[in-house]
Amino acid sequence: MKKLINSPEDVVTEALQGMELAHPDLLKVHYHPHFITRAVPVKNKVAVISGGGSGHEPMHGGFVGRGMLDAACPGAVFTSPTPDQMEAATKAVAGEKGALLIVKNYTGDVMNFDLAAELVRAENIPIESVLINDDVAVEDSTWTAGRRGVGATVLAEKICGAAAEAGQSLAEVSALCQRVNGQARSMGMALTSCTVPHIGKPTFDLPADEMEIGVGIHGEPGRRRAKILPADGIVELLVDPILSDLPFKSGDEVLLFVNGLGGTPLIELYIVYRRAAQLLQKAGLKITRNLVGSYITSLEMAGTAITLLKLDSELTRLWDAPVLTPALRKGV
Amino acid sequence: MKKLINSPEDVVTEALQGMELAHPDLLKVHYHPHFITRAVPVKNKVAVISGGGSGHEPMHGGFVGRGMLDAACPGAVFTSPTPDQMEAATKAVAGEKGALLIVKNYTGDVMNFDLAAELVRAENIPIESVLINDDVAVEDSTWTAGRRGVGATVLAEKICGAAAEAGQSLAEVSALCQRVNGQARSMGMALTSCTVPHIGKPTFDLPADEMEIGVGIHGEPGRRRAKILPADGIVELLVDPILSDLPFKSGDEVLLFVNGLGGTPLIELYIVYRRAAQLLQKAGLKITRNLVGSYITSLEMAGTAITLLKLDSELTRLWDAPVLTPALRKGV
Amino acid sequence: MDAISSTHIERWLRDCANVFPAHKDELNELDAAIGDGDHGANMARGFAAIPSKLDALAGKEIDGLFRTTATTLISVVGGASGPLYGTFFLKAAAPAKGKLKLTLPEFCTCLDAGLAGIVGLGKAVVGDKTMVDVLTPALAALHPKNGDSLTGALERAVTTAREAAEATIPLLARKGRASYLGERSIGHKDPGATSSALLLEALLGAVQG
Amino acid sequence: MDAISSTHIERWLRDCANVFPAHKDELNELDAAIGDGDHGANMARGFAAIPSKLDALAGKEIDGLFRTTATTLISVVGGASGPLYGTFFLKAAAPAKGKLKLTLPEFCTCLDAGLAGIVGLGKAVVGDKTMVDVLTPALAALHPKNGDSLTGALERAVTTAREAAEATIPLLARKGRASYLGERSIGHKDPGATSSALLLEALLGAVQG
């Protein structure tokens, strides 16, 4: 295992200490239980809180700050955080207007956030949680765990954060979050596996000429394995199911998010963006906003995920609103 | 070779097309010869121009925009651009106040920029070029190629871009660039090699338990090979030679830049930042500004490089000035 | 007929702090094949935290031992297994309220309540390739048959659990991360089913002393 | 004594468009060991661009052939080798001004001027482990010894070049990227030295027809 870490047990805590040292102006890191809040919490608004396993940096801690999250709860690597982390984080940042928990749809995350929500409600803090489940690689059905939450999470955190900053109510912000989730679809692929520090070897083995199609963000294998294709062919495998799922229609204004999984350099992400943009234009979509970079990672996994969000004037305005976090900044 | 590319010959051009499609509001990409300018060039100021081989993204194209570069010239992967690219870029963006060429100190880059400077002077465009050579892994001497230009390049481009935006003269901006270079030192290490697309296999082989200390940004092997250490030990190997070289003194205000080489995820960079910050504090330095992320990459190489810049009030003010580029944004 | 004492329960829970770290890699590997490779680490982290919490409760009522185990697992484990096993012990506590001893039927009532809690939280049914596939038949097998001893019943439950864990191999996962793999989840043993079997083995060992 | 014609030169430069692509991998590997692995690609890209540029110049003055080669290499190659070989041909052009034929001494004057250009630009001295280590002795060896034929002189130059290229192996690089490796540059053949030897081999081949 080749990583810039000390001992596997300390990865999450030491990375948090690094964030704390790097961004004292933006963040405050709390330990035992671990959670991150803004350096100066703002209580006269709806608090937007998220969390999940570590190993996806900059998500979620890198999105804490003005115009985005009020708090983030990092679990162990690829393991959802515990209810007491979310309870502590919520109590630390939520005011009378309550808190929205943005939850990625994974069994563990859902159960832990549910338990946390119960604990918080017991304290009479108004709280809503919204599930993000945008991954079209997983077929949706009531008798399974359903679709995973992936790229749409970043977009929902930015947009809901802006709405909360603008004074919207808890009901409004959570309805907005549902709308973002409902209008977003994603799909990812991996060229390599990744190594969970405390395991020490790759989660799966992938031959030199093969790739995993339909991976999530926890190093899990994808829906299927295929021979590697040129980038253009790979992008088509990701974009087609996204387009047909919502479905997106000619004339739609969309935000195109090309995400890197951690080990893929930016030069490749732009080659992916190129083809994705060409395909969307062919389909008659208007890409009015975009995001290119590694914002939801699976440790050092090489690969990419594409997320498409159908925009409207409100979502666009909220996407454009000022944001000041370690990982996303604009307008300030 | 596992990459999200089509054919090796098309990597640079297709990545440029992707940038062009992703950032039409910020960039204009010109082809044959290839160079990138701001979407709307501003001629009533000193033009700040840089360039170098591709494979270092976001450097340099990702730094073109208000408050930073006016133009960037991407060469083939790890190969300096040609004089005609720089000549065309300079003519496209330079006005009466002339142009500053920020050149990383590599034989090829220096020679090609020199030839370009000759061509441009012939057109009576005032032009200065400043060499960046901040890599302490290479010992400096007049009878060798001297030190490489690495991390300080990003800092110089930001600071000089801000000075040019503020109306400073060519003489002032180039003196400033020399000052930044003189007060900055860097050193890098690699956990893995990287694969140049048209070569198709890793530039060097590195056993599972070894690392390269003192690497540059072209996938070249480092100064020496060593057994892998915990992150804290690796960071000491990088920070100590940096501190002793300038030397940095107790009480100095510094900017700490922890750079990822392309294949290293952010969670590890924060673990590196943590230790680097601890060491600098021990040495009595004040980290008043910082930058953490993959800003100068060597394709998908896993590893990190640390850059330290001694600040003063002017450099700090210029670092804080608004910037609006694909890769760096603040204050706007 | 012999009963289960607070001492048995405490020994069981303390033993788990050895059992799960010892099976950490095995459970991680099973989870790596169809999940995210952390089930062993999650179980080991969770149960390793239990013993220190029990010191204050030595010889105390069984419901307290269960409740402390529940809250510890919930606050230390995370993931799916944390809330699931946490709920198991939380719901198992109620019927043991104030008790220092439980007859086998009483004990079965506790564990059945725990399983009901897991099902209520996770909504899994037998055949979904989860821990429920093991706990359901194994806890049924724990109920006393005419005139068998406590250890006899426990041995029956453990055998049933081991078989049920193996029986998850051919199944297609419908719950948890493994469900994301669809057809590819077939042919692998479910990690949570395996940890449930280990949990019951530990119980047998603790009662046998 | 036989002279070098514009046709020879044109054939030489066109042949390079085959020679360097054919040796691309070899030169890349040499450069990967002590540089950045692109010397083969750079040379191949540069010389592959030459033939189309020469079509208009068939049978024309030698200085024009050299100048076109120079500007093409400079605008297509990049890296260190682009300006270096570009300057080589640029400086070689001047003494050939207006000439359709060159005697061997005249030709030597051209190439010596080219080498002087390389040294002026790159400041390398013999022993720095660069192309200069090959061109210096090889071009010296090209000067006519009493009564030897053109091909005899060329063969002498080529043999010298090959040996000089091998002789870079034990050297510690003081110029170019290889110098960043310090001691680690020892034990590898310099890619630019190797491409210079190939350049002279191509010349011999072109003259022999």
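In this document, chain identifiers A, B, C and D correspond to the written order of the chains, with residue numbering beginning at 1 in each.
Keep this in mind: a contact is a pair of C-beta atoms (placed from the backbone, for glycine too) under 8 Å apart; a residue touches a chain by one contact, two chains touch by 3 or more.
Note that the structure is a prediction, hence the values are computed from the model and not measured.
Centres computed as Cα averages put chain A at a distance of 55 Å from chain D. For this pair, chain B with chain D, the centres built from the Cα atoms lie 32 Å apart.
Arrangement of the chains shown, judged by which pairs touch: a linear chain-to-chain path with two open ends. Pairwise, the chains that make contact are A-B, A-C, B-D. Interface residues of chain C facing chain A in the complex, by the touch rule stated above, are 28, 32, 35-38, 41-42, 45, 74-84, 121-122, 174-177, 179-182, 184.
On the chain A side of its complex with chain B, the touching residues are 2-7, 11, 14-19, 21-22, 54-55, 57-58, 62, 191-192, 208, 211, 228, 230-232, 234, 262-274, 277-278, 290, 292, 294, 297, 299-300, 302-304, 326, 329-332. Within the complex, the chain A residues that touch chain C are 33, 53, 75-84, 106-108, 111-112, 114-115, 137-139, 143-145, 148, 196, 198-199, 203-204, 216, 218-221, 223-224.
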